[in-house]
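In what comes next, chain A is part of two complexes: it sits with chain B in the first one and with chain C in the second one.
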Partner chain A sequence: MPYHTFKCSECIPDRAMHAVIKGPGEDLTSCLPLGYLNTIPGTISERGCAFCGAKHVIGSPMKDVIHLSHGPVGCTYDTWHTKRYISDNDNFQLKYTAATDMKEKHVVFGAEKMLKQNIIDCFKAFPHIKRMSIYQTCASALIGDDINAVAKKVMDEMPDVDIFVCNAPGFGGPSQSGGHHKINIAWIDQKVGTFEPEIKSKYVINYVGDYNIQGDSEIMIDFFQRMGIQVLSSFTGNGSYDDLRGMHLAHLNVLECARSSEYICNELRKRYGIPRLDIDGFGFEPLSASLMKVAMFFGLEKEAQAIIDDETARWRPELNWYAKRLKGKKICLWPGGSKLWHWAHVIEEEMGVKVVSVYSKFGHQGDFEKGVARCSEGALAIDDPNELEGLEAMEMLQPDCVLTGVRPGEVSKKMRVPYLNIHAYDNGPYKGFEGWVRLARDLYNAIYSPIHQLSGLDISKDEIPTDKGFMTRQMISDVNIIGDGTTPIEERPYTGEWDIVTKLRGKKYPKLESQQQLGMV
Partner chain B sequence: MDDVMKDRVEQLADFIMKWCLWQFHSRAWDRERQNEEILTKTMQLLCDEPVNLSTPSDRCYWVDAVYLANGFKKTCPWLGIMDKKDIKLLMQGLKGRIDYLTINGSLNQELTNPIY
Partner chain C sequence: MSCELKQRERPGIINPIFTCQPCGAQYASIGIKDCIAIVHGGQGCVMFVRMLFAQHFKDSFELASSSLHEDGAVFGALNRVEEAVDVLLMRYPHVKVVPIITTCSTEVIGDDIDGLIRKLNKKLLKEKYADREVHLIPIHTPSFKGSMVTGYDVAVHDIVKAFAKKDKPNGKINLITGWVNPGDVTALKHLLSAMDIDATVLFEIESFDSPLMPDKSGFAHGSTTIEDLTGTADAMGTIALNKYEGAKAARYLESEFDVPAIIGPTPIGIRNTDTFLQNLKKMTGKPIPESLVRERGIAIDAITDLTHMFFADKRVAIYGNPDLVIGLAEFCLDMEMKPVLLLLGDDNNTYKGDPRIKAFQEKVDFDMEIVMNADLWELERRIKDKEIKLDLILGHSKGRWTAIDNNIPMVRVGFPTFDRAGLYRHPVVGYEGAIWLAEQMANTLFTDMEYKKDREWILNVW
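Coming up: the complex of A and B.
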């Protein structure tokens, strides 16, 4: 068994099977870490809680909803929306979040009355919003407040509002993933089938498991709509509450992040017979294949091919410019969940960087199966690493860049290893063809930033050169690029706009509209 | 199975492991169904046999099968000179190998969890 023991974890024998190195000839029957188990006491895990997974990953991207945590204000404050899941309604759900601010007296005497008043106050404060999600926390779960009953009472008194209750307290699972599960099942049990959105096309999908980080979902939905496909609901990036109540009417569930939302797709298949198609929205080749698969399901191959040809012609040369300069660089791919398998192979294939490690704090063994299957020999896969293990891995692997979230990213910066924020993104969106070039650009900028020339100098002892200036990124990156005229003229750094998402809002889709005019249902 | 066949099965399994996601549904019974449906349809496509597309689920398996058949043809030129009988044997071997990697030999402890 190719298990890897970190020196810093030798004193924690339970960690023994949580890291593996993919050796020659290894496959998934010999090389797979444990995953999604209770946190081992003493490892100082960096996981989030189940409430956080339910509310801040899946619930909160819903845009036309008041999001109310029923619990101490700290649960909401400490995990306040820090992901950039934007929306086309002026980011209502990012700007406002609410908490009932439970105190000791509520723990003793109950908090249902106070919850009811909070719900009413919230609807009064935002009279244009008629939908609400309430999230249970540890405190309100332990005292046994019946949130569903309170919500029902309010809905009876205020017939124009609709309330969803998510009972995923912090302790409801080993990690945030427990919350993903609970909110998926709660949504299909409580809300799917309670609303009938307008069907405007012969081709109808739910786009599931994308949270519109810096516009990712909007980029993908644009492709589908250009083909003439109606995206009935987006689960849940830029998603609308009522559209998501109508998920049962789609013909196909197109699933991106199976980790966070395969549960609802499985249930939709079981209860409504809607097939589940897993896709990869990142990277030119996987994205092209994914668009073509969705198109083939409906017989829209020509439409998909036109998009793939246009986008590839426009963006491939710019991707190539970066790929030439990134070739051979080593990265640690340390995201939350799905990017560890969405990117493990394609970032190597298309940008030439080598993935030397993958990890997830909350992933299940199913995620590691995909990640380990896709990454190359020698890669180190770690389940739920702690900070010391992360440091040891960086020392051992010497990556040129770490792709991760803010907290581990700041640690890697202190090690003088650049990092890219792939949770909230640096300059996303990263989905779509152009988005993939934006990721390459951010990676290039991180690795070749001139700051590394300065940050490595210790002014207390090093000699500071005063006779020459900084080397620019391109001076460093182009040392090995031969300027012999073999570089095609169209290969160049990214030329897209700063904001590529806003212009999609309100865009007209002739193929979709022509079906509406024909009264297609 | 002779060594050539074994090697060919391995090449096809590697392609699936790297470029596909359908084999990694979360439960054993899902994986059994996915492997059976998609690999059967892929075999039918490679052998020019008719493929059942009568239900939405069939169409969904079929799109993954088309991707697979095209990918196999592109990356494994030897497929083009194999006769249909051998392709069927090859695909049978592949089904066994994928079942082993994703179900029977899998270390994933969640496969038998009775609920989603």
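Coming up: the complex of A and C.
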């Protein structure tokens, strides 16, 4: 039986099938943890709610939109300042968030009138923004306010504004994932097909399921545009509301995070016949294969190959420098959902680190299918992890780094295991060829930080070396890399800039422009 | 020349100053040793609050959820709390205190947690955990009432009420700090120790600034014990530093156990710290020692170098927890600055009667506005519409963009301050806090002058 029982969870029989260790020759069908079931209360699970899945993960990266939550102030406050989804319009969506500030009298008498006034006030506060998303919360769902009706009324009265309503209260589902689903469906039901953006190319895609963490979406969209492909919309990183209303006009949906946004791709296929193509923007090989897949759809293989060759030549020597030094290091890959399968194999293949554990807070069994299949033997896969299981896993596996979020990261810090923030990133973006090198660099910097050598010393008991005033990372990492002439001269640590995203904004794309000039569209 | 007291006029909030009540209750709960609270509501009400604490303290704190899902929202979710208590107690054998904190959803559906606790006390705790000391404490904090500030006040009261029991006088005082940082507690305990006063500090949160230890034992946790809480009824008096964060508990101890209470002032700045020490003296009969005269002198020496030369007439906006904002404004006035805008972020209607606010209304000799139930848009709009000109902003990290985008120097103070390193370690209270605040403000203004090339040559000689 491949199921792993944590000591700390022996007393909860319901946890029995939520963790597996992939054994030698283990068949995937027999070693799959349960996923996406109701949380066991009191476990100190790391899950969030459906509201945050809708508003905070998918809704808020939309950049030219006022994000208004209909409920008490906490839902708004708590989901604000928690991510790094940037945008090219001066980060409007990071800076501003709104709440209707529901109070007791509204709970008793209803809050629709006050909601309407709120909408009007928000548009007045930001006269240059004409689009709004309204998010239901637990409180407004329970009192039964008809947000759609209020939004419609305002749109009738204010013809220049457009409002999207997402009804995904916090209690709606076992985790964030419930909210991902609801907002996907709400968007296609309400908004897709209501606007026709300009078509500028023969090759038109929607880029779906990336949230522009530290610029990921912009890096990927740059590749597509270099190939001559028009990215009609980005769902939702750095995404524009009106562009996303025109998703129905694309020829192809290029999907990254299938966990959070496969629903809209499936609906676009059903309703508009637009095919879905799943890609991986992380890692040289998966990214190369992904660019080529998209290219093959349009017959742009030559263009894709040129980008792949250029980028690989530029960045491979830097990736290799880190890979040589990361080889054999053990990591726990503990993200929210899709990175467990996006990264499980490629981080091992391309950086040489061993993924000793994967977990997912809101993944479904399908995610574990992909993740466990891609993990190597011995990996511990955990669904809906909790505080004690995480600690026990760290004790058992002794990882060199934990890849996770801010709060669990602080737990691993106390276990003297450095952590890398893979929700908001340390110094991303991590997508793209250069981005992947940046991840390798951040991982290297975390693992070989001299501070971690010091943290293990007990000055009251241990023998303390007194012959050094400092250590560099390389003094630690290169102990086993003897100057045997096997390091090709061109291998080197990262040489890119701190900010690699801003320069993409306003960049010219000759292959896109020429299509318009030549009237090819 | 007037001080206007007004309300936010819009019904809604753009960029909130506060979060909701359950967060305040959770903050109080993590101050207690061997305590893990269960928040009865959706999972986000806990996950994001834990993240908020982790961002502020760069440390993780344990809080559990009843994980309300759809079925519970429809049919009631008391069974979820019941299961949560059992699961929590099974897996955390050291836990003795389990506050059960309600939220908007579970208050709307009307789950009777008080009734449930009576049932659990009679059944689960008696049958399964007979040999264990476990206290379940109901804390009602619907998110649609008050704010994180009232949530904290309610929780401190409910926790004290659950434990306080008269025995014999213990010769201690109770010091209820309000929503402060570990650095504040250290500074307060230093003052108490200088005066040789034994105190029960609610809450003992110095250990929130926790180490990274070779043996991996350095997890952050509160240190107030059940005995500490029980003994609050035997104290010779209670000083609650903040009127809006903890005073409710002080009043309870006074009315229930005749423990005299002194409410306030928040010892921010020299004058308020002086008053705090006088209050300590009055309550305990202990003299103020020479060492504190000297410490005060050091603070005054430092501040004297800054006030008339750099601080005079600087216009300041301050937002955050009400006692903090009022204390900072008073301190700014003592340092010749002009706190022209104060933002209090909730609808507490007792602010109007606060004597400190009345004093502003009666005494300030420049134009000052105090906005109650404010959001950060009240600040930003005034700046954008050029209604006010500011030299400095004092507030927590949620207002960072207002400062950044409008090129106004800002000193981070309050909760949360996640965009600056280690601020929780430094006090804003006591003489130490006065030095820290004044010097932070000065250095921030200096850096700003240099970046903006605004008479940056002034610091060429000082």
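In the analysis below, the second predicted complex is superposed on the first by the 509 of 521 C-alpha atoms of A that agree within 3 Å, B and C clash if a C-alpha of one lies under 4 Å from a C-alpha of the other, contacts with A are read in each partner's own complex, and residues count from 1 in each chain.
Operating definition for what follows: contacts are C-beta pairs under 8 Å (C-beta built on N, C-alpha and C of every residue); 3 or more make two chains touch, one makes a residue touch a chain.
What you are looking at is a predicted structure, and each value in this text was computed from that prediction instead of being measured.
Of the two partners chain B and chain C, more chain A residues are in touch with C.
In the superposition on chain A, A:Asn266 contacts chain B only, with no contact to chain C. Legend: residue contacts after superposition of the two complexes on their common chain; A:Met415 is shown touching chain C, with no touch to chain B. Contacts of A:Ala151 after superposition on the shared chain: neither chain B nor chain C is touched. Using the contact criterion defined above for the overlaid structures, shared-chain residue A:Thr76 touches chain C, although it does not reach chain B.
In the superposition on chain A, A:Asp280 contacts chain B only, with no contact to chain C. By the document's definition of touching, neither partner reaches A:Val356: not chain B, not chain C. Of all residues in chain A, those touching chain B in their complex are 27-30, 32, 34, 36, 185, 251-252, 258, 262-263, 266-267, 273-280, 286, 289, 292-294, 296-297, 341, 345, 364-366, 369-370, 373-374. Across the complex, chain A is touched by residues 10-16, 18-23, 36, 38, 41-45, 47-52, 54-55, 58-60, 62-70, 72-73, 80-81, 83-88, 90-92, 103-105, 108-109, 142-145, 147-148, 210, 212-216, 218-219, 347, 377, 381, 397-398, 401, 405, 418 of chain C. By the touch criterion stated above, chain B contacts chain A in their complex at residues 17-19, 21-22, 24-26, 30, 56-57, 59-60, 62-64, 66-67, 100-102, 105-110, 116. Looking at the complex, you find that chain A touches chain C at residues 8-9, 11-12, 38-52, 68, 71-82, 94-104, 106-107, 114, 117-118, 121-122, 125, 137-139, 141-143, 169-175, 387-388, 405-408, 410-411, 413-416, 455-458, 462.
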